[in-house]
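Shared between the two complexes below is subunit A, which has subunit B as its partner in the first and subunit C in the second.
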Partner chain A sequence: MQIYICVKHVPDSAANITIVEKNRIDENLTFLLNPYDEHAVTEAVRIKDNLPDSEIVAVCLGKDDAEKTLRSAMAMGADRGLLIASDKNHDSIETAQALKAAIEQDGNPGLIFTGKESIDAEGMQTMFRIGALLDLPVATNVVNLDIEAGRAVVDCALSGGTANTYELSLPCVIGAGRGLNTPRYPTFPDVVKSKKKPVKKIAFYDLKIEPSKAGMKIVELEPLLQKREPKEIKGDAGEVAKKILRILKDEARVI
Partner chain B sequence: MNKKYDAIIIGAGVIGCPIAYELSKMGYKTLNVDKLADAGEGSTAGSCAIVRAHYSTADGVAMAYEGFKYWLDWENYLDNVTDEKGLAKYMNTGSILIKSQGHDWKKVQKNYDEVGVNYEEWSVAKIKEMVSVADLHEFWPVRRPEDPKFFDDPVKELEGAIFCPEGGYVNDPALSAHNIMRAAEAKGAEFIFNAEVVDIRSENGKVAGITLKDGTRIDAGIVVNVGGPHSFMVNKMAEGVWEGCNIKTKALRHEVMYCPSPEGYDYLNDGYHMSDGDIGCYVRPEVGNTFLIGSEDPECDPQEWVDPDEFYAGKGGHGKDNVLTDEQWKAQCYRLGKRIPSLQVPNQPKGVVDLYDCSDDWIPVYDKSDLPGFYMAIGTSGNQYKNAPVVGRMMAELIDACEKGLDHDKEPLQYKFKHTDRSTDVGFFSRKREINYNSSFSVNG
Partner chain C sequence: MMKNIGIIIELDNGKIKETNFGMITLARAKDTELFAVVMDADAASVKEDLELFGITKIVEVCLSKDQQANPVVRAKVIINVIKAYNICAVFGLSTATGKDLLPRIAAFLEASLVMDCYAVDLEQNLVKTSQYSGKTIATIKVTGDVLVFGVRPNAVEPVKAQASARIVKLKLDESNLVAKGFRVIKTSEVDESTNINLVEADVIIAGGRGMKNGDNFTILSKCAEKLNAAVGASRVAVDAGWVPYSMQVGQTGEKVSPMVYIACGISGSVQHFAGMKTSGMVIAINTDGNASIMSNCDYYVKADALEIIPELIKHLEND
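For the complex of A and B:
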């Protein structure tokens, strides 16, 4: 099975973001593999462990620098990379068109992964648009995935800690959620191996995508000014631990 | 009327606090002023707080060895003071110095012998026995991942290591400064925070006091610069001080990484501090079973000298601001990944970016100045955390001696260590010295 993973080259969430000309950011900062895509790569590697004839292809639309993100995906286990090179920033319509065209040109997908969202745009559209363009079923925020008897059985996380289970015909598009797995990060020997893996570069304009009448552009970006309000947590160690746990669960919702 | 103290100490980090503590014990009425909100919140908080004896000079080794005695007996050093935040803990992991071309380890060993430091020589087999995850090939010279040769296969094995059973780290450097502040307060010292010094006043050729940003004037016949990465800015505020230093200080940006320990390896509880010049890294355990990976400043790495105010404000852009860079993350983690091939390196950098108050030869300036009454404990160059309690006592004795008439420039103070049977010539740390080429010119000091 050919497994395609659509990965995105995104700014490090810890970076100091500077907005220039109202609608874009100064890109002189650290970019990396979108964290949700790490779950997609890890899951693809797990599937390949069970189906050793599979091939994992990471696909990315971005500037030349996005090759670094493809290299990260390959260090995590993707077999090769496809870079759709473009100097422009594209909306989700063009992005999905480009990914679909590049994947179709390259091979025959049995499964297509995306992250459930990118941490920069948070558009949450790409997986649905690819699914629609290819007439494939889509499930997103997937936290469990079983490939069995020519179908995918998935659990999709919903708010409030619940999940729905769906059965999808293959091929299908999976938006990987945080709970899908623990990302398996590369070791130095993995990085050395990945340097020998090929990256094929395709120019966006060579895909001859018919311009869509519909479109979306960023008019204005605004920095998020977070107000810090420190609170003192009092009590003995056990009480403090309980309170911290409650804050992390109920307020911060990180666990 | 202006407030008046015997001594004002600019900075309340891990060096500024013990100076206040020791001066207070000697009867001086002291005030520490710090622009941040609490003790140890500046570059002290970003310190790796490593306690190890290997230095490139015998004086450096002797001072570090003396420092151990304070960390080992922390509560007594603090005179059993209570700190509502709890006490910092010294974690004695033992310290491995890899024999490599990246360290003049023979000089270190000679210094150990001279000072009487307890150590063992470890073979490669012994290192492997103690650090099961290590690959003990030689990877020298240190390179960056941008260099294709970085990925060359190694051919030779290392020679071995020198192991000091005494060595490790302090688990919370900011807390350790806070502890000393509480101990100093118990002896009468005062501290004010969120207070930025904008002027150092002098009268009749002698220091007279400081002026704060809000206009407050505080008088003292003694002012001590312990401003950390801001030390050069503080020196420039005092008449003739900057010009009178042959050794200058600047703020150097530095990145330290946190990388999870390989699965199944309990680095937090079973690991050692390791200084590995062969890969240009030092490591120690950190909470969450992670490796804290510092850089030993290999020549191939860029040095970013920055304006400390811009840096702490998050300005300056990629590689100059207070955010880790992907380039250095990969450089340090992959270097350690050669030594520990099972180390998994996440894509997102995690760690600490802070500043060294770096001197021209990476050896500190512990000295008087050309302005009578103005003293300096600066240029700590990322390698003096461990010495802080010793420096506190030594600076207090230096200040006291100079105030009582010692001409330290002509007849340098000989400081007698309190725990080890040795003295050190404080003139070694003089601002007037020529650059000391015995130095490693790195964080190793």
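For the complex of A and C:
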């Protein structure tokens, strides 16, 4: 089975974001493999352990330096990489179209993985768009996956620790949630090996994506300013408790 | 020109969730007609509540139990509604259910979608949401024939606007509702009576490494019960196995906007802030006055949370 994993090259969540030209961020910072996509890679490797004939292909739409993220995915176990190179930022409609076109051009997906969301755009939608374009069933926030007899049985996490169980026919699109597994971080030899794995580069514009009439364009980015002015609550434990209660009652009005 | 707006109402055991009213308030705009779509109850039972907030049409859709549970079928129902009533914008909640429904609708229609938004301008088609782990606010221009919005629960203050509503029953064409290759095996019923939903809670009391062990979280639960609050946690508390992942607040956990967030033994990492910085009031209890949450909150207590919380419970009991 060919397993495709869509991996996104995203700014490190711990990095400070600087806004430039009103609607972009200064990209001079550490980028890495989107955390949820790590769960996707790990799961694909687990599946390959049971189906050794499988091939795992990591696909990324990004700038040239997104190759680094493909290498991370390969160090975690992907067999090769596919970089759709573009120097622009694309919304999830274009992204899904590009990922779909590149995957179709490359092979025959038995399974497509994504993360449940990217931590930069926080779009929560690319997996559904890929599924719709390929006419495949989709599940997101998947925390348990069993592949059996031509179908996938998945648990999708809801709030409160509960989950729904769905059955999807194969091929299908799986959006990995955090409960799915514990990412297997690469060892030094894995990293060395990943450097020798092949990465095929294609240009976004060579995919000849038809422009969509729908779109989402960022017109402005602003830092989320913290306007809070901390005030100290002093006293012994009893006094503090009383003061907190008063604040909850009179100021926040929640009790 | 009059615009028709669709609003997907989320119910819980046949009752309207409070957080729908903020969403309706957000969707209200000049020259619009508001269509509420009710898929899980008879429209008459929720009519008065919806009228109070300005709904003028209630679309009642009758689904079998099987269909109700299937997010693909639900998405196709909404697409039927969009076509039947010429709807140009659809609002739903960015809850766990919404995250599995709204993107399906947008994907099937190749329509624009912004999830977790808290401001929408339907005249200029501008939406505000957070990006980059909650560190920035993005204003996004959306285009297309149909716009889909996932509204962050609790992010908009509900404002009443009495209207009177008419119930319309939509007859569905079953052949349009096929969920290809997607079958529901089991759905879980969330027992809301014992487990207050984290993303919809008005008050959250959360614990981190400073809680020291899983047992101490029962103290938080006890306090939460008295406050009608939900219990949250930092990733450290989850990774240590003290509490389940479903309680994690942050960039890789739930994004919450309660009226009050009480952080106990949580340092306030960027990733934790990503999940709770839009809270109304933040109260931090931490032994370390230099913890970053102490300079990013409304009230702070420099003390042992394990001493403060039991006192708080005592006072709540005597109240």
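Throughout what follows, the second predicted complex is superposed on the first by the 224 of 255 C-alpha atoms of A that agree within 3 Å, B and C clash if a C-alpha of one lies under 4 Å from a C-alpha of the other, contacts with A are read in each partner's own complex, and residues count from 1 in each chain.
Quick note on the criterion: contacts are C-beta pairs under 8 Å (C-beta built on N, C-alpha and C of every residue); 3 or more make two chains touch, one makes a residue touch a chain.
For clarity, every value in this text was computed on a predicted model and none was experimentally measured.
Touch criterion met: A:156 reaches subunit C, while subunit B stays clear of it.
Of the two partner chains, neither subunit B nor subunit C is touched by A:78. Counting the residues of subunit A touched by each of subunit B and subunit C gives the higher count for C. Shared-chain residue A:31: touches subunit B; no touch with subunit C.
By the document's definition of touching, neither partner reaches A:145: not subunit B, not subunit C. With both structures placed on the common chain, the touch criterion links A:93 to subunit C but leaves subunit B unconnected. When both complexes are overlaid on chain A, the residue A:186 reaches subunit B alone and has no touch with subunit C. Once the two complexes are overlaid on the shared chain, A:128 sits against subunit C while remaining clear of subunit B. Look at A:14: by the touch rule set out above, it reaches both subunit B and subunit C. Of the two partner chains placed by superposition, A:174 touches none, neither subunit B nor subunit C.
Overlap of the subunit B and subunit C interfaces on subunit A: residues 13-14, 16, 35. Listing the residues of subunit A that touch subunit B in their complex gives 12-16, 18, 26, 28-33, 35, 38, 68, 72, 183-189, 191-192, 195. For subunit A in complex with subunit C, the residues that touch the partner chain are 11, 13-14, 16-17, 19, 25, 35-36, 92-93, 96, 119-125, 127-129, 131-132, 135-141, 153, 156-169, 172, 178-179, 212-224, 226, 228-233, 237-238, 240-242, 244-245, 247-248, 251-252, 254-255. Chain contact summary for the complex, subunit B toward subunit A: residues 151, 314-315, 317-318, 321-326, 329, 334, 337-338, 341-349. Per the touch definition, subunit C reaches subunit A in the complex via residues 69, 72, 95-97, 99-100, 103-104, 106-108, 110-116, 126, 129-146, 150, 179-190, 195, 197-199, 202-203, 227-228, 244-247, 251-254, 259-260, 269-271, 274, 277, 280-284, 294-303, 307-308, 311-312, 314-316, 319.
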